[in-house]
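Paired with subunit B in one complex and with subunit C in the other, subunit A is shared by the two complexes that follow.
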Partner chain A sequence: MTAKPGREAAFYLAPAFLLALGVVLVPLVFIVITSVWSPATGFSLEAYRGLAESPLFRRSLLTTFEISAMGAALSMLLGYPVALHLSRLAPRARAFCMILVLVPFWTSILVKSYAFTVILGKQGIINSVLSWIAGSEVYVPMLLNRVGVMVGMTNYLVPFVVFPLLASLLAIDKSIYHAVEILGAKPPTVFWKVTLPLSMPGVTSALLSTFVMSTGFFVIPALLGGRKDVMLANLVDFYTRETLDWNTAAAIGVILLGIVTLIAGTAMQFQRSRGLARGT
Partner chain B sequence: MSQKPIQSSGRRRLLSGLGLGTLAVAAPFVLTPRRAFAAGKMVLVSYGGTYRTSVESALVKPFQQEFGVEVTVIDTPDLAKVKAQQMTGNIEWDVFDAVGAPGAQGSKAGYWEPLDPGMFDAKDIVGGVKKDLVPFYMWAGGIGWDPAKFGPGKAPRTFAEYWDVKRFPGLRTFRNRASETLEAALLADGVPPAKLYPLDIDRAFKSLVRIKPYVGKWVDETPQSISLLERGEVNFSYVYASRVRTQTAGKYGFSFDQNLLGMEYLAIVKGAPNKANAMKFVQFAMRPDRQAALMTLLGNIPTSRKALPLVGEDARKWMPNVDNPNDALLNDEYWADKFESVTRRFKEWVLA
Partner chain C sequence: MEERVHADRLVRRWRLLGLVLAVLVYAYLVLPSLIVIPISFSGAGDMSFPPKTYSLALYREFFSTSTWMAPLIQSLKIAGISAVIVIVAAVPAAYALVRFEFPGKRLVMMLMMSPVLVPVIVLALGMYLYFSRLGATGTTLAIVLGHSVYVIPFVIVTVAAGIRQMDPAIEFAATVMGANRTTLFLRVVLPQLTPSVVAGILFAFLISFDEVVIAWFLSSAQTTTLPVRMYSSIQWGVSPVIAAVSTLLTALSFLVCLVSVMLQPATARQGGAAGATLSTNPQVVPT
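On to the complex of A and B.
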């Protein structure tokens, strides 16, 4: 390693950058153009005007963010203890447990969604067991509503929480733990004062990536959700494939991307300024 | 091919390798025209799963044997991809298996090649050959249930009864789209099938308001319309006769007292690279013997009148009587015009 690490990094990153440029930026530019231009009408902001006046779009936009935020937060609550446990295991045991985390990740969403109807349904495993325990018919609605959507989404998203978090947790210097324990900190104090603050980069990136991923969800709400769980992706599909109104479909994509970029950018800025304040 | 030049080393090896590579890359371009002349090929866009295996055994294989044309079958007839192919001028598909509304929509947009009516036996074909669409078969939608839970008289058999939640309590399903659902709503409200179109949209929504609290699921993915019955999530479901036959091995109930009939079409994509073969294929698919063979497997209604008596016994049990005055035929031209505006209102109403 000689001087100018920046130039060296640029050298190694260039292929990935060029690939991303080709497969992300070019189609993206095409989408933006499609949202304001069509061969029939030329340049027009009609698609955006139509969306601004559409209650269907507004409701779906709201639902999308609601579901995405809930999904990301719940996945974090479920994933954090898992990551914490994994970080304390011996490397070999950890590798085995990581495979367990990954198994659902390798299963098709469609198959899992059908499997959930068997577990959560009216005559599903959970309701049957509850009825058996209660000795009478018990029915907890967990399917075809928001609960079903959340179960399906967290099942999909938890691996995306566990891995960045695990990286953050493993990066914490073990001598810090020794130090605070010697100073007499109890485990809850260690968690709130050391583990959690130092794992914040992982928390932020996990929350962000799961949130962004959720905004594009499609099959899970369609299969496990109720009538009000309509995501923007369903709307994009409707305009792309059913009405062939690609201007509107593209405009929805551009608006969604804009909002998500704004949120992600703000969150990262916030994270950075806090990092600077702490001097890390 | 000799291995020797490849085994030699250095620059010569690289050069000869390049030569072989060039030959291999160029071969299809040099060879294809002659082969296409002798045998030819074409691309059929149709559906996956058992539908695909049925189409392959009843149409594609016999067609290859008879005409020597190699048919590539691709899944999912997506009108958006036809639009993309038309916009870029890079046409990859020849024959398109089109549900009613997209078929008519494509026709309106000019995505199909005109068909020569002389290719078909006009008197034989139900529904009539259109300028660029030929009716392939009809499918029937209606009320389905599990007969183990609901014996005779315990399940609704018409749309009016489907709406009667006092006599037939429990949750139901509808498709999560305006077409079919609005027709069912108007039939339930007493509109005679012959006077359905143009749809009285306001009346249809008023009728739907009555049933909305009893809808367990507005179904997006077709297989779910039956799987929700199987799981006991809903008591009754809007399903398709051919799917009840295949997905439940014919064990579930399906009412033929009142059905919505939809038309499936075949179309040839405008500018299709193998237009002549595509024409031959469409003509072949409409032959009574081929119609009978395919519908025996699919359980849909052949559009060739001569094919109907040739269809297998079991499949015929799953076909409605096309002369039933309670049935309504979906009007594809109506939906091609109104699809966007009415569906948008429908989706807003479902969300509200």
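On to the complex of A and C.
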């Protein structure tokens, strides 16, 4: 539009760019430096060596992968029917039903965590109902264990599955459905042979993004999980605030950042090559 | 003919199954937050569900004790200031990213959008280490700055969607007629962007108001925010007052959600999925 687009853009970008530089980039550099350097010992890889030998770290690394994979998969199972339902509605009805997904999306994670302690707890709603039905005291442990974490995670993640999936489902050409119906395909066949394969871009992107998001979860495992559900983020908090071991906390931060960058980077590369193949 | 009828029945049964599954998941998503509402109105000392007696005792306790009021005021202050900073920074940035091509654009974009990709816990730890070095942890300013950079990407995405719907010819005409860039931005670009900017302010306020992890790392006993107060309260034995706080937060989320749906451009609303992108495309980072 103008002769010097670079300078023009810099004028508009300056405030956001300076904030990102000062409050995002510099802190991230601080983490990397803190993970390998301390005033007392100078440069050392002690924090990483300590982590490699720590059973606590290895266990929570494994837990993080387990919970993230399970959370992403379960959220996909729950989110698919919703996305499919939304994709078949008329625009007006869809806008209404969308609110049912948007409200939980905007609801504070703490409100949900509190609600689940009320629902799943020992004297919670589910256990009370079960006791009433059984006529005696029934206690199914659902809080401060893996069940609680999964309930919290899936409840949080389902909207993130629905949005990309819905976009994918709406992109399917309606005439394909007409064609297969005329050819006499039954609904299950239509689903397995047409809908599901054609929605695969949405499925993969939803699975990847929910998995990546889950690896950094902090509040849900802390409030709904038990001792066996400590994830990397909780370990970061533990080393920072309980033991004041900033080097170890920073090293875990770097590892977490590495995992996320690796997965997201691979996914982006993959999407770009597929995009090029399609010529978009 | 008979086969046709059979096929129709199969289609209908299959549709019904899909509907039932979808309704169950909708209920799973919405009901937990709603269950909190009756509990918040339960009578003093009554912790059962559904409550046997109703009263405003929990709200009275929330609004009369400084353990809850001080964090509430702190959160309102932080969210308010952050929203202003975010709008001032994100609206022009979104404009530059949509309208200009320049060397290093991808890099600049990646840096500004990185708070969406980087796990919040990592961001929070980095800010904690950094502000400790500056002697600023526990200050309101540190939390405001932390929240601002965290929210900027969401608002950039929201506003960028609005800018893409504007006709660049109008800006071109203004430039040709001699408008300088300040006039162009304030008198030509901004007036067309009002819905996106209002939505951006609401999102910025709500995200900051609800944010826990950054505030958990950066706040001190004097600067505790409402979510941090809630977090420690849920962790150390649930106080019934949380039901009242949760109800207020749910009402706020519902309000923001409704306004955001109404502010969406008509075309996006009809598009359904496209309509969702405005308010929901940014991946919310895990908390």
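In this text, the second predicted complex is superposed on the first by the 217 of 280 C-alpha atoms of A that agree within 3 Å, B and C clash if a C-alpha of one lies under 4 Å from a C-alpha of the other, contacts with A are read in each partner's own complex, and residues count from 1 in each chain.
FYI, a residue touches a chain if its C-beta (ideal position, glycine included) is under 8 Å from a C-beta of that chain, and two chains touch if they have at least 3 such contacts.
For clarity, every value in this text was computed on a predicted model and none was experimentally measured.
In the superposition on chain A, A:Leu196 makes contact with neither subunit B nor subunit C. Contact with subunit C, but none with subunit B, is seen for A:Ser209 once the two complexes are overlaid on the shared chain. Look at A:Met268: by the touch rule set out above, it reaches neither subunit B nor subunit C. Applying the stated contact rule after C-alpha superposition, one finds that A:Leu62 touches neither subunit B nor subunit C. Within the superposed three-chain model, A:Ile176 lies out of touch with both subunit B and subunit C [touch as defined at top].
By the touch criterion defined above, A:Ala222 reaches both subunit B and subunit C. Partner contacting the larger number of subunit A residues, of subunit B and subunit C: C. Of the two partner chains placed by superposition, only subunit B is touched by A:Leu143; subunit C is not. Of the two partner chains, subunit C is the only one that A:Phe105 touches; subunit B does not reach it. Of the two partner chains, both subunit B and subunit C are touched by A:Tyr114. Overlap of the subunit B and subunit C contact sets on subunit A: residues 114, 117-118, 123, 219, 222-223, 240, 246. Residue ranges of subunit C in contact with subunit A, taken from their complex: 7, 10-11, 14-15, 18-19, 21-22, 25-26, 28-30, 32-33, 35-36, 39, 47, 49, 85, 88-90, 92-93, 95-97, 99-103, 105, 108, 111-112, 114-115, 117-123, 125-130, 133, 145-146, 148-149, 152, 156, 168, 171-172, 175, 181, 185, 206, 210, 212-213, 216-217, 227, 230-231, 234-235, 238, 242-243, 246, 249-250, 253-254, 256-258, 260-261, 269-277, 279-281, 283-287.
Residues 78-80, 83, 87, 102, 105, 109, 176, 215-218, 220-221, 224, 227-228, 231-233, 339-340, 343-344, 347-348, 350-351 of subunit B touch subunit A in their complex.
Against subunit C, the residues of subunit A that register as touching in their complex are 1-2, 5-6, 8-13, 15-17, 19-28, 30-31, 34, 78-79, 81-82, 84-87, 89, 91, 94-95, 97-119, 123, 125, 128, 155-156, 158-160, 163, 166-167, 170, 184, 186-188, 209, 212-220, 222-223, 232-233, 236-237, 240, 246, 249-250, 253, 256-257, 260-261, 264.
Interface residues of subunit A, counted against subunit B in their complex, comprise 39, 54-56, 59-60, 114, 117-118, 121-124, 143-144, 219, 222-223, 226-228, 230, 234, 238, 240-246.
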